[in-house]
Each structure stands twice: as C-alpha cells, then as structure tokens.
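Labels for the chains are A, B, C, D, E and F, by order of writing; each one numbers its residues from 1.
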C-alpha cells in the first residue's frame, strides 16, 4: 500500500456567515472573517489517495489523471470564484475549510474509486498558519 | 547604506474590472480575474527601506516600528476586506498588484521618512507565480 | 471527525546538555549542539486538534482561539527566551525537540479539551531538515 | 513514542519506462515522463523513524546519525546520478517515486533497527505538486 | 515604471561537460556535476519585465501572456528534456545556469518587446542553495 | 556580467544589547530582543557575487568554492555559536542583522576577489518576516 498526494491551488473569495444568525452574532463567532464585502485566499488543496503499486506501471494511479480529476470536479469550480455564491457543491454550506474539505471529499471519492485507487485524505491550507485534514467519516 | 525589508500579509477579495469597459471587454482583458462575484488571494507584501546604520542601535530603523507603520497605513485596511470596495486609498483604482503597490507606496513614503529612513521598494506577490515591484516614480 | 492545525513560531536559545554527564560526555552525544554559550533556532510548532464539525459554526474549534491558547500556554513562554533557563514547564528537561513536544502536549491537552476539542499531535520543526511529532503516549 | 523525521535531498536524472512495452506504449502511460533522453528532479526525501525517548539523551535517536545512514545507504547513491542506470538497489525497477520509496525502505529498515529505532515512513516529493508516502508493506 | 515577474518551472536532465576537456579535466572543474549518465533538477525560472502601467488595464503587461511567451519560447523546450541534447537554443552550450539564463534572455527579449514591455532580468534557481541572475549585458 | 548567489544557513544565539545603555534603555530600544538570557534564530545568508562568464567553464565562479569560502570565513564561525560572545569578527558589535551583514562583507570581499569574482550583496534573513541587504559601502 502506497499513498500518493497531488497539490492543486485555487484563489477564491468567501465569507464566514451563518444566515441563521444576526450580523453581530456572526461577527462574534467569526470576527473579521465575516466581513460583509468578502475577503479571499490562495487555498492549497492536497488530495491523498492510496492503493497497491501496479507492477506494470510502478504507480498507484497516474498523478496527472489524479490532478485532472481534482481540477475537473473541485478546484476548477472554486478557482477565481466566490465560495459562498458560485459553487454548486457548496450551496447552503458555511464555507469554513472544514466544510470545503468534506464537500470536496464527497465530490472526489467515487471518481477516484473508478480510477482504481482509494481516497484517503483531503488537506486544505487556507493560510500558512492554518490547515484542516479530513479522512472521510 | 543598508536595505531592510519587512514582510506583511493580507487576505483580500478583489476583481479586475475597468468600469469604462463592458463585461465582455473586461473578460477579454482580464479573463477569469474579472469574474463578477469576486475571487481572492493571500497577498504577501514586502516593504524595503534603506538608510545608514545608526551606531547607537545597530539598526536602520526598528523592524517592529516598520511593521507597525505598514499594518496601520496599509495592510490593516486591506486584510479581510474587498480591495475594490472597502479601501479608502484604492477608490477608483483597478486593483491590479501594480496599482496596489503604487498606492501603498504613496501611503507609506512620508511616514517612513519621518521615522528616519527612505522607502526603497514595495513588492507584492499575488500568488507563488506572480509578483510586482515598485521603486517609486 | 476533522483535524485542524495551527502554526505558531518561536525564536529561542538553547543547548543540549545533560548535567549528569561531563562536558566531553555531552559533546560526544550532542556535538556542536552542546556548545556552552548557547545557539538558537526559529522553531515552528504545529498543533493539531480534532473533533466533530459544529453544525452551527462549521468549525471544529475557532482557529483564532486555538492560536491564543498555544501562544498563552506555550510559545509566549518560549519565544525570545532561553529554553534551558527561562521556561517554567521545561525545568530540568534536556531541551531536545522531542522533550519540548512532550512538555507542550502536557501544557495544552486539558485546555484544548475545555475548548471542546481533543489534542491530537504536536509537531516541532527545529530546522528545515529536522522535525519531531508527538501524539501523546 | 515519538516520531522524528530527517530531510535529505538528491538531484537525479530518470525516465519512466517499462522495457516490456513499446515506446508508444510507454508514452501512452507516462507521457513526457518517458522522453528517451531523460529528465530530472530535485527530489526531497523525508525519513521518519519512531521510538521511545531515551531518558539520558532526550532523543529517540541522534538526528545526525539518522542523516548519515540515509545518505550512506540511499541518497549518496542517488544524488547526481541516473536513477535508471546507476543505482545498485534500483536495478530492474521502474523509477517512479512509489518504487524509489519502497526500495529506500528496504535499504534503511534494518540499519535503523540496529540504531535502536524503527523505520516508520518514507516520503518522497518529486515536485512541489506531487509526493508519495510508504509505511512498509 | 513597474517590474513584474512570472515564475515558470522545468524539470530537466543535464550534465556539466566541456567537450574540449578530458573526462578527468571535466571532473576536476565540475565534480559530480559532470557524471556521465546525467543528473537533473527542478529548475525555477523567474522572468522579470518592466514598463509603464497602462492606465486602461492597470497592468504593465498581462501576466498570463508573459507566462505563455516564457513557456512557448523557453520552458516547454526544456521541461522533461535533456538540456545538453534536446534543446535547439542550447546547442553547443555548457549547460550551467549562467548559460541557460543568457540563452533564455536571447529567446525572450524581442518577443517581450513586441508585447510592449522590456525584459529586465532572468533568474534561474537550480537548487534551493544556488541561483543566478542575468540582466542582459 | 552574471550574478550568482549561494545560500548558507546558521543557527545561533544572540541578544540585542548596547553596553553603553542601561537594561531599561536596551529594553526600550530592542524590546524582547534584549532579553538577558539570549534567544536565537535559524539565519539564512545569501551571498551574491558577480563577474563575467568564463567561456571554458560556463561559470562566473564555482558555486561549491563560493560555498566553501562562505562557510570557512563566516558561517562556520557563527553556526551553533553565540553571536555576541563567540565570534572573532563580531567582537564589540551589536549583533543586529545589519551589523552581521556588514561584518560578513568585510570577511568575504577580498577572498572572493582572489577567486576571480566580485562580492555584490550580502542578504541575511533572521526570520521569515525580516531581512537585510548590504551592497558594500
């Protein structure tokens, strides 16, 4: 069993905001991250999959194919977009990195299985000081 | 003469957009960077000042003071804000890194002179692949 | 279950030295790391906690609060100090990164539990070539 | 139990190529990575070992010794060499990062055991966008 | 006048070798960098151009166009190739970073002028420890 | 004319302290950087030299030789030492990065001239947020 990881980046606007709460309630929880006119980040996503090494290719799966899947199903939909308003698979989601990681997992798990590997981890770094990791339920 | 540089970061939303042009005209020039619902970046700003080394302190100027000035006059106004709508010193400016660097220079030059040094360069990196540098007119 | 990680930095002096051993005994084990007049590092500490995502906030716990806890209980006591002489929770400890990680764990585990999450890992990088990881006993 | 990691780098030429397949068969699998005149990388290898902290030294094992072992048995044989043609422990191996990681594991596991620790993970980054991790079978 | 910089990467094999000299003469000058079976690097190239900011666009020139030019004329020809044998504009050149930088300058200067800016600097980093910079003679 | 740069690192203890001033006077200027029991950093030094490319070698000067000179005359004397007490060429100097850069210049300029190149710049980064550059008087 080997684990392989592909890095993909996206530059997006977002705002932490729970519509159930008032503006001041949101500010109390999220501080400046709830500013109404949006802010943004260069997000870095690391997608780790695992599997046996194929003896004919020496690979778990093709890194280029893995990158293609991640971009098509996830990062092309996020990059240069607003995470709160523009992304089909984030509708109704508070756009914390935790929730983005879970949503990305749900976008990717089946397609990576079809490609012959198993999704193991989604890691998202929002800044150089903060990152989240999700391994599936 | 010694040159000292302070790094400060800000995470902001923006959109490249010239109001004189149509939406399609903007898209032709800026591509996805003109997407209407904003996107964003973790910008990294490097402010370089120069001066003689003070023999009593061994410093050109205090790095902490330099950081305080940069944050107060520039990055606190940009961080977790929308560069197109929220920033007093960017009103009416197309928010390319080039223009942000020039505007930051104009915010900082006098205050750094008062602190006994000379502003030499503003460098702004928008992503790991792109940066701009401005040395004053 | 989601894992979130906060990075905090500290710049400290230290010396690897076991007082039970002679100077030459220390040099044999630690080499230049036992030089008597101290040396130092820009340490980077990564604190990982885990928990369920709170459905109201979309977060495991607030990253800002996590950073506040780490700085208050650990890195503010280490930063710009001498790890061998100045730190209450490192008294009598050989200041290897291994021991710093274990001591930091003991400082943090309860306070993070009070904040509703579970401490999972302390990672400390002493240089770009070396790091240690501790997951609790 | 503590985990310690040592980084070592090597700059090598290689080509992804399965001699059982035709040139076009190789190109179909590996694309430009199978170009016949080689290409190359600055590989970064992270070797993680684990063990109890020795109470006399405060260390799992000496990081310097770990680096010496990794360089002697692995990276000195790879650095500034051709991975396909020059390396005794890679003969007959398709030089994917997956296979390099497995081969490095087999070179290192016993020697690290003799040094009193247990090999836990080999991580190899081929570029800033791709890395593999191997934890032993 | 503003300076803008685009980063492009290429992963290539090469060997430092002057055909006028014997193998031992080459080894004396270049050491392991002259190993006959090639080695390789992840090169990082930074191309800096300068010009006035266009008031309609807020840009010196489009960063995307700059990247397209650099890839088409330089890095696509170098990436996943052998610098000594595969590159039209490096024929007969000892493939030091110095010479690659000069050759890249000659490839790029005219095309960047046609795009309305002026080539200012080529920087090439061969490893994290070494880089060269060329400003045109 | 080409510029080549070599990176060398050193991990040192120091304290900002002017013996002419009282403890409180030092604290007023330097803050926590004057803490009496020392602190420390992983310093990164970049030494840039320039010269014509030698047509026989394709190099300005050998990067390995440049590294050897920098380590022998500067960084071996700083690494794992106390900058205030242990370094012959820093006696009586307030150990700001500014002063270390100037002192390193004086150590290196002649020896690099003997090697056939010209010292152009010393850059020292004390942390990821601060660096200084010195180009000679």
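Going forward, contacts are C-beta pairs under 8 Å (C-beta built on N, C-alpha and C of every residue); 3 or more make two chains touch, one makes a residue touch a chain.
Quick caveat: nothing in here was measured; it's all calculated off a predicted structure.
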Chains contacting each of chain A and chain F, listed by label: B, C
Mutual neighbours - chains that touch chain B and chain C alike: A, F
Chain copies touching (chain B, chain E) - same or different residues, decided at half shared: different
Repeat of interface B-F, chosen from D-E, C-F or B-E - more than half of residue-number contact pairs shared: B-E
Which of C-F and E-F has more C-beta contact pairs: C-F
Chain centre separation in whole Å, for chain D relative to chain A (CA means): 28
Intercentroid distance (Cα basis), chain F paired with chain D, Å: 34
Shared interface positions of chain A, touching two or more other chains: 128
Touching pairs among all chains present in the structure: A-B, A-C, A-D, B-E, B-F, C-D, C-F, D-E, E-F
Touch list for chain D against partner chain C, complex: 1-8, 48, 53, 56-60, 62-64, 67
Complex interface listing, chain E residues touching chain F: 16, 18, 20, 29-31, 93-99, 101-102, 128-135, 137
Contact footprint of chain D on chain E as seen in their complex: 9, 11-14, 32-33, 35, 37-42, 79-82, 85-86, 127-128
